[in-house]
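Before anything else, here is the set of structures, which you'll find just below.
In what follows, subunit A forms one complex with subunit B and a second complex with subunit C.
Up next, the complex of A and B:
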């Protein structure tokens, strides 16, 4: 009772790290969600999905998208129930402060792992393919310097820049797809069901872990101007992100074959290395990677922002900014834990295998809790309100 | 009172100055950090980079690996006729990578392999297995998967050292031919990527373009070729003798590989048929006797063809895999008449039908010859029949039951070609111009 009262007295205005002036629009949530889903994962998703689902890996990505849609619909319901709350505040409102903070900590930990693995993957893609003699810590440092700046400016700035870069990234992917058409062999996608129905579904759940990363948006969905469209915006973002993922996987299989794609380090990068236009647009992969790097950067900035605002909420801080530098140092350190490429992909496989269950459980637990306890927007208790 | 007022005025000013300093320091730190990541610290000037255009790999008689690199030598003035435009260097090592790293030691420039246009394997190396070169090249972040791959029975050094008047180096010549004359080429457009993907598929074995040195037909087309070849190849000819006289490069026919090992050559006609069966033949021209007029001839150009691999009795796998299956290769297409040297001018429907039947029979006989070569002489599936089976059966069945024994099964399959071609355009004239008798 006391716990519930404590939570109620804090209310929405005291949400830690809250920047009331920050406003995000429908399209920006779509874009941020899509970027969170595909921006780092699509570099190597094919080499995780293809060994499981074979030639049907692209269908697995679509199945993962469908599972992801289920997750964001639940998350959308949750956001609609608590339109002015961050995820930690929602959890506190539903389960009380101690348990709510614990859930908030697990969410912050989830975001931190996404951040660490995502940044490591992006740094590796640049380090292995382009800047071999540059120490990875420098690349990682540059990454985090930009992320710090983005986090300092707030989610509105990240959302606005994402809108600009998303357009460029989509154009780059369309160009890449068009240029790849002459070198692909569509027959390599056969047999349609690949290794069979069970592996296909298994692959779908692996792919769903990428779609499930969209729960990160719950940390800042309260900034959405039109609160009613949260569910639709997130669902559209997941659909767009997973279509990109499925296309990248499908083209990878058509170009390199099942065995080839399991062998290469970054299948999408190999696709970019293969394409060209005549003899005057060659070695253009750096252009693609520069754009993808920007997308990855914005994704990681959004995830970083979600992490620090959640931690600030858990700690009851009024402003998240004092956490930026320490958290960036933590992120840089985490991204350097996997010493080798093999180790990175091992961690990644582990994450992909299990994180989907967290992404499903989080909105389900909160929503069920909210329904059972009758919690609703603004901290009002539905049952109490009805009783009054 | 006045001191207190001064303090009140000074504090915000000091804070502003502090912030300004802070920003300046932050900016300087960012600039310094940016300088460290641009690569300027150990930048390479373009003059110190050796752009490798062609790579050659062969095996010596004692089993060591020879590697050649053809490096572009760009000059400031385009009209410097006397200056060599490319330089070919050779090294020997225990493995491909060992030989490549020794190449680096022999060059004054940093060898940069991102512009390799042609990769030429010697026959001895190809017969021993090209996988020995694939690993080192596939790992190389500079090497491109779109480089053309060739096999030659001539000394690799001589092939790379051959000079043509059309291009500044042999590698560029090979690249130009593969890019620009695809429709008239009777060789597969084999890229490194195709080689990588097909050696792993027993049902879709690689065909690599063959490049040869042939006597120049015009006699004086390449005056410097012999001397340059001798320099590049260490003065060795096909039998270790000094080659004299102009020679030119010709891309024709192909080398058939079983897995990564070369098992034999296909001539131009067999290669064209193999490409037609795999739906990779862009165009093909042929000359044949005129039906009903043995003295006359006709020239055709195949402008379209499509092959379907059919399994009339279904695809048997598992226990029935030993029984294999019957395969019908149905090929349909269109030919355009390009030349008629005969009194028969094909002005009736019946003569056209007879011509179409004749062309179909002609091509069917050649496909049969290819099937015989693939099943008996080479013993590997260069026609992609296994790939068609792979697409029809579950992936696990293919991987576990069929693929491991596909080479043996392929030899026992009954393959029946069924070719139907029709005559399309006859050109801008209906009949041959001829003088009045």
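Up next, the complex of A and C:
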């Protein structure tokens, strides 16, 4: 008996990574979801969205947010239906062990790709902005050391720290927005629909892939204290995250213009570089980036945690911790696959193009499966009865 | 083997019990007829009386008692007083007074014990011959020895234990039991102003080393009968008294039980201070961050208890512990509450900022001057570069030099007597800083950075938290010299994650910061006291309501709100009445 609280919380010890004391509050889920949505993507989202949607990239981001809301509402429904299950256990419950494990593996693979690309992107941003002379492998190493530590400590620690740093990040973004107001040229947002309606929708689907990353939360949503609020928490998180995305994209366009954005690697970084902090801090973008780095790190730690607990579930391990080091090596290797900055962005745009469909398909398939199975098997799970 | 010994022991006891059954006349007992033999053996038994053995009884003759006591306490200790006396009962009996000089008050022993037993008028009228071996001690307790805290004991080891806490024991010839009465009266430090937690406004009383005085200080402030002070002992040799204080019906019983359980598990030799106890019972002993609050102030202790915390007072330590602790609690000072809230709030926020400065400022300076010069305005950057020109070391070495010097000054001035220590601190810092700059060893800006850091770390009210921050400053310094702001941020993230995983008695270390409203009300900020309607949630108190929701009801607006609230709570359909009241208020 380690804690005084143990007696109160009951944990299902069958799933990997489950310490009885792990519990996450509503706000923490909101924050983690928001971070998963924007923390790595918003640095370069404009560079991916603007070539498609033009000046209306920010509207695309909002459309993406709406699609994302649809995804997380489904995901939240799933979470409420299986309140004590991780995603892999849900899938196994619905489709039986072999197929469920396969779905679990695809989920782990999805998380891994998010992890690899996200870490590559963040490391790249740090490399470009901070430490051009330092070999990226060192930056990456420190990054993964922190992720390993975070994953070792568990999702609860990640959730708590997320809340603190999210507050700081939001403050930093508000400050940045306020400081940017004198520099923006609202006229650059015209025409409102950008390259037309079709590109706008297309951009929306691209942006939805960022929002869709929030399905990762399904891996640990069962730690949420009040399961019925899962849907609302994730939806709030996605909405917050996509508002940040849209603002970042919109301000990027207003400050750099469509053509300017296509010339820079990380538009948000450039916009931060353009604002001044009175006469005191001339180029505060490094401070901002330092804060954003923390957000990216926490996001990737959560994703890392999601993927290793999923793999552990698939393998039927009780504790996910033995997987940490091998998986971290895999993540590092994956993040080194794109050789150049350009290649990184190629991979990124490819991921953005296709991953959204996985994010939509996963909850849909699981839900449909649950409804069909639930009605066939009757009262095997508690919520199955309601579905009939 | 042990079983055999116990059998032998039991066999030895049995005849004595048989013998004791009829009431023997006292004279006979005094002669030691029939009992001297086994007693002699009993007194001679080796001291390794195991826990499995039955409690060693009191020898029947005073010679036996004395021999036994000398055997237990050793021959050479001059402070062990074993005094034979005659009690003027009718017929008179011999007695033996046993106490430790210095622990037991001379006055109490002389006046109460000796006088009442040897000189009192009533004693000669007592017919000792009518009393049996079993009840003579109780008669003495109830009739003769005038003491408030008095008891009869029949086990000699227990008697010695009591005497070693400052009580005095009166053995009576032939009695099966011994009268043990309160006589504590050792020299101790009085109640003084707390040295570590000074306040400008607020009570000046501090705990002292005396457990009873400390519990009295707490009782005096919390007169509720629900205040519980569970007592236990720790230390095989020191047998230190420990009091677990909490308010029944408020503190979470699970928390109390956990603390009790952990204290009961301690099996150590001596416990000189509550600091050791802290290390024995905390959740994460390897973390640099303290997880249990300590205080020297009874007012703060009582405030903690009234929030549902559990207090631990260790005899001999003026530092009382309070559990659970969390990060925010270490940044709070009782003065936040004693001063009016317009000052309390900003001051507390300032302390948090001071914590951040103390942790990061030198590292930030190193990172910026080594990696991110472009962040600074040109003039400042030039000034920094210019001041660093004559310095032969890299910035990191410079920072380390100054930091180590600062820590040295601080450490040396802490151990010195107060006036010297302060002078030492000033002179050391001023002279050393100035000399280092003029010698060209460090740049003036570095001196400023280190000085600000030092000041900031003094602003943290809880000393161990300050120590943790001082300790963590050095790895951050190295990280930022290696990777600039990225390294600094990585270090901060690692610290933050560590904090996120910490817990104190099951309560997350960052808990109050996790809930936006309470944290703004009384964690990072302090709102007016009349808004603290609920206790903090982190100790999970049984009763969350601290005070009435509306207290300042003499204010028309507040009275109105209170009325509306109570009506809204009772029945919802009374909107019309509310409107009317609102109209009244408007007039």
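The criterion applied here is as follows: the second predicted complex is superposed on the first by the 362 of 388 C-alpha atoms of A that agree within 3 Å, B and C clash if a C-alpha of one lies under 4 Å from a C-alpha of the other, contacts with A are read in each partner's own complex, and residues count from 1 in each chain.
Criterion: a contact is a pair of C-beta atoms (placed from the backbone, for glycine too) under 8 Å apart; a residue touches a chain by one contact, two chains touch by 3 or more.
Values in this document were obtained by computation on a predicted structure and should not be read as measured data.
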Touching A:157 in the superposition: subunit B (first), subunit C (second), both, neither?
-> second
Taking the superposition as given, does A:259 touch the first partner, subunit B, the second, subunit C, both, or neither?
-> first
After superposition on the shared chain, which partner residues are touched by A:131: those of subunit B (first), subunit C (second), both, or neither?
-> both
Contacts of A:193 with subunit B and subunit C, given as first, second, both or neither = first
Which of the two partners, first being subunit B and second being subunit C, lies in contact with A:25: first, second, both, or neither?
-> second
More subunit A residues in contact [subunit B versus subunit C] = C
Applying the touch criterion given at the start, work out whether A:374 contacts subunit B, subunit C, both or neither, answering first, second, both or neither.
-> neither
Where does A:290 make contact in the superposed view: on subunit B (first), on subunit C (second), on both, or on neither?
-> second
Which of the two partners, first being subunit B and second being subunit C, lies in contact with A:70: first, second, both, or neither?
-> neither
Is A:139 touching the first partner subunit B, the second partner subunit C, both, or neither of them?
-> both
Which residues would you name on subunit A as touching subunit B in one complex and subunit C in the other?
-> 130-131, 134, 138-139, 142, 145, 279, 283
Tell me, which parts of subunit A touch subunit B in their complex?
-> 54-55, 128-134, 138-139, 141-142, 145, 183, 187, 190-191, 193-196, 255-260, 263, 270, 273-274, 276, 279, 283
Over in the complex, which subunit B residues touch subunit A? Could you list them?
-> 30, 33, 36-37, 39, 42, 114, 138, 141, 144-146, 179, 193, 196-197, 200-201, 387, 390-396
Seen from subunit A, its contact residues with subunit C in the complex are 1-8, 21, 25, 27-28, 126, 130-131, 134, 138-139, 142-143, 145-146, 149-150, 153-154, 156-161, 163-165, 279-284, 286-287, 290-291, 293-294, 297
What residues on subunit C touch subunit A, complex-wise?
-> 252, 254-255, 257-258, 261, 283, 371-372, 374-378, 483-490, 492-494, 496-501, 503, 505-508, 510, 513-516, 540
